[in-house]
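Per-chain numbering from 1; labels A, B, C and D assigned in written order.
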Amino acid sequence: MSVDISAMMLAIFLPLFGAIAAFLLPRAAALIGLVALALTTGAVIWLAREVWQSGAVILPLGGWGAPLGIDLRADGLSVAMLALTSAVGLLVSVSALDALKGAGQSRQRQYFWPLWLLLLTGINGVYLSTDIFNLYVMIEVIALAAVGLTVLSGTRAAVQAGLEYMYASILGALLFLMGVGFVYLQLGRLDFAGLMDAEPTGALIAAVALMFVGLALKTALFPLHFWLPAAHANATAPASALLSGLVVKAALYIVLRLAQYMPFPSEALLTLVGMMGAGAVIWGGIQALRAERLKLLVAWSTVAQIGLIFVAFARAGELGLTESWKAAALLILAHGVAKAAMFLAAGRIKDEIGHDVIRDLDRSPIRPTLAQFTFALAAISLIGLPPSLGFIGKWALMEGAMASGYWHWVVVTMVGTLMSVAYFSRVFAGFLRFDRVRAPVGEHQGWALADAAPLTLAFAAIGLGLMAAPILSFLEIGYPFGVAP
Amino acid sequence: MTPDLIYGLTGIAVFGIGLVGALCVQERLRRVLALKLCSVGAGFVLVVGAWREPPEMPDPVPHALVITGIVVMVSATAVALALIRRLQTLEATDER
Amino acid sequence: MLDLIAAFFIASGTVFFVAGTVGLLRFPDIFCRLHALTKADGLGLALIALGVGLLAGTPGEIFRIALVWSALAVASATCSHLVARYALRSGMEGRDD
Amino acid sequence: MTDPLVIFDLLLALSIVALAVASLSVRDLFAMIVLFIVFGLLSALAWVRLSAPDVALAEAAIGTGVTGALLLKTLHHLRFVAGGQGLRAGSGGTSMAPAAPVPVPVPVGVILANAAFCGLITLGLAVAFLGAPSAGPGFDALVADAMPDSGVAHPVTGVLLNFRAYDTLMEVVVLLAAVVAVWQIERGLSDAPAPVMGEVWQGFARLALPAIVVIGTYLLWVGAEAPGGAFQGGAVLAAVGLLLLLTRAYVPRPAHRGIARGAFVLGTAAFALVALLVASGGRVAFEYPLEHAKTLILLIEGMVTLSIAVTLAALFHGREPVALPKGGRDDT
């Protein structure tokens, strides 16, 4: 009896079994975690090959098929997100080996791996799901595992932030669930295909609004961002990288998906979404300029970047729909890679210098040069300088906006870019100034193995920009962005 | 006045009450309870959607969904409460 | 005929419940309230169970109703005891709250 | 002539809403939890009225019973911690006031604005609800068609364990994630002493334990053809764990952690393995061969019930039993 295993099942079940094994055998957790990560990455590559060769793949679980059963579906967009998740996840895991090696961190080591693998199960599940109730369950898996990771360090600030995060997560998920209820009331089915071409009745508009607000709470869209900076800034470095690089993206992906299938909201509502995004860009920028600690600055820049992605959503008005969805997808990918690199680098800098107060970065005789270089590379992608992936995303956004005459969104993008230059410069200044060092300079910390993972991520954030064309054509496999042109 | 109408509006009212609580209440324990109220409200809407006039059997799928929702909610509640207890202990030791 | 007897039992059970509820709301302190509640609960539930049992068709249903009644009787007695004990220990005598 | 049941419905609905308001507005936290438990039980009653007995059972056992126990446990802990503080500060000793340090009070205006905002949302939802088709489209026909192939006779169990088994697996994963997170958050043997409850309570526990085991197993077994099933049965069995923990008949020890971990993952692992292994001979994952469907579903349900029972009891206990060095901070 041979078992037919599909790559999609593996992408979800391998991390799940890994989590179980890592929880059962705490001493071998790190090894199990790395093996599970590597195997999951293999499954994703296998899936990517399948999708590349034969287009979107569908797996009707239980053989029932939607709408009665639940289908898994992988198309270009989902595979790209899966690839982002496993690539970033693998590298963050490698650097977690180093970040959690301290003698007093045995508990963190023991719990990091099961929680992270459960998180991976949830994230991969989101990217393959085609059923809105299943999405609800998946975001709850993600929420619980993510809160567990947030409070890993066990400090009071982290637990406080974790509790706020938990409240926001539960409320967001419940709003989403209420939206699911309204979809069921109106349509009597829950699969994506059933949502397509539905008449926008009152119940469906309520459902869209509820789901959007719920997801906005989970992605921390301004003004619902209150929980994010504390949660991301107080977590340990690998957890911050996972939270900021991957967890937020899952909810963003759901917004992106639902926007394809749910009835089209009115232009005014879209403008409102864009305004919220613009508010996030401005407010996140201002707070990043005012932040006193490096990790807090990075966390606020996440708020700003997410706002930018929502601006891309909003610009997908009646005109240039496909283009701006692609821009949003590119920005999601770029932000995932670069922000993970940046949080890891910030963690490294904090570890080496002993603090992460931005004002005192230039007073330190210790200069973790490689981590600083990594930070700068990631910043280049986040600012959107060519040839990084962030540049391509912003370019696509502005090009589309100009083509369809939405000049105000171009202005917002520009302002956001300038602000990100400004707040990242605060950090660079600290890196590059030596005149305020009292002690003899010379304790430059050179290479460390721990820098390899973030550096790879940062180079990827830059280098992927050169491969934008293949990425874009891969994203289109299976027409995730609406009908075939 | 049919049961689905009455209980549907009840569910929405409970959801709204929970929402007010989740946004306005300061006490940590009470906020958890407010969120639980929201989830009961959402459960009402799904169960009402499943209801059919008596000779007909109700639709079982939303029932299964609500059961799932209840179990998910108790898990989330447990984590939130554990955080509250931990935070309380930390605050007590910090003040000591 | 059976219906009428059952209705009588259920109605008198309900009267006990109402009385118990009024007692819960009107009595001054926790012990009086417990007194009202337990009497009403014990007797009212028994009467209602009896009435429903008369209406029930199969022996299985009657058995389950009996099970419900006995489980509730034991649980409510224990709970009242615990409440009274706690109240006594924390010195709540005769306080009105 | 109105249907007498409508009066009942209206009264029940009104009391549910009133209890929801009351539980959020009552000052005392203990009263809040008690009101919430009443609220939950009445909601369960409403769901029985809407012919959803499975949901009512789950809500009564898990949504109200276990949640209520969790809330009470937390309140006990909070008051214990606050009591210790109060003694130290010499301010009234065993104050029963909630321990949460009251943060800066929010201005009334903000609260009113929030409430008005939520009211608007609620109003909008109500309008949308009234506009939605009543008794609209659903899965009725699809489920009815597929039931003979599901291996069970009760539609809700069929949906949970067969048609949407993937959701249910992930739901068990949520429980697993919760217990992992809770163990990560809290550790140590126990700080708040268990309340002393006396001989009557001990006797009750001795009497109730076997009965609860029987009821839980019955609920699990009957789930195949009547309301009941793994989650309800698991929650009832979890009550056994709660009783054992409360009577101190069982005290979690560091040495038991391995077994506990095994019990937590048992349901998830068995469910996932079965789901994967049935995928052979042209079948996909979760597609049970018809002749074994009932056996496999019962097997999964049994394992899941056991896991749920242990997990819920562990969530109630709420901390990983680790022996901590006396007086040392237990961070990291």
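To be clear about the criterion, a residue touches a chain if its C-beta (ideal position, glycine included) is under 8 Å from a C-beta of that chain, and two chains touch if they have at least 3 such contacts.
What you see is a predicted model; the values in this text were computed from it and never measured.
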Problem set entry | Between the pairs A-B and A-D, the one where more C-beta pairs touch | A-D
Exercise. Any idea how many Å lie between the Cα centroids of chain B and chain C?
Worked result: 29
Problem set entry | Euclidean distance of C-alpha centroids - chain A vs chain D, Å | 31
For this session: Averaged over CA atoms, how far is the centre of chain B from the centre of chain D? Could you give it in whole Å?
Result: 11
Problem set entry | Multi-chain contact sites of chain A, meaning residues that touch two or more partners | 133, 137, 140, 144, 147-148, 151, 154, 159, 178, 182, 184-185, 188
Exercise. Considering chain C alone, which of its residues make contact with at least two other chains?
Worked result: none
Exercise. For chain D, which residues are shared contacts with two or more other chains?
Worked result: 125, 129, 136, 138-139, 143, 163-164, 167, 171, 174, 177-178, 181, 185
Exercise. Touching pairs of chains, which are they?
Worked result: A-B, A-D, B-D, C-D
Exercise. Within the complex, which stretch of chain B touches chain A?
Worked result: 15, 22, 28, 31, 35, 38-39, 41-42, 45-46, 48-49, 59, 62, 65, 68-69, 72-73, 75-76, 79-80, 83-84, 86-87, 90-91, 94
Exercise. Which of the residues in chain C end up touching chain D in this complex?
Worked result: 71, 74-75, 78, 81-82, 85-86
Exercise. Which residues of chain D touch chain A in their complex?
Worked result: 124-125, 127-129, 131-133, 136-139, 142-143, 146, 162-167, 170-171, 173-174, 176-178, 180-181, 183-185, 187, 261-262, 264-265, 268-269, 272, 276-277, 279-288, 331-332
Problem set entry | Residues of chain D defined as touching chain B within the complex | 2, 5-6, 9-10, 13, 16-17, 20-21, 23-24, 29, 32-33, 36, 39-40, 43, 46-47, 49-52, 54-55, 58-59, 62-63, 66-67, 70-71, 73-75, 77-78, 81-82, 84-85, 88, 98-103, 105-106, 110-111, 114-115, 117-119, 121-122, 125-126, 129-130, 134-136, 138-140, 143, 155-156, 158-160, 163-164, 167-168, 171, 174-175, 177-179, 181-182, 185-186, 191, 231, 308, 312, 315, 318-319, 329
Problem set entry | Residue ranges of chain B in contact with chain D within the complex | 1-10, 12-21, 23-30, 32-34, 36-37, 39-40, 43-45, 47-54, 56-68, 70-79, 81-86, 88-89, 91-93, 95-96
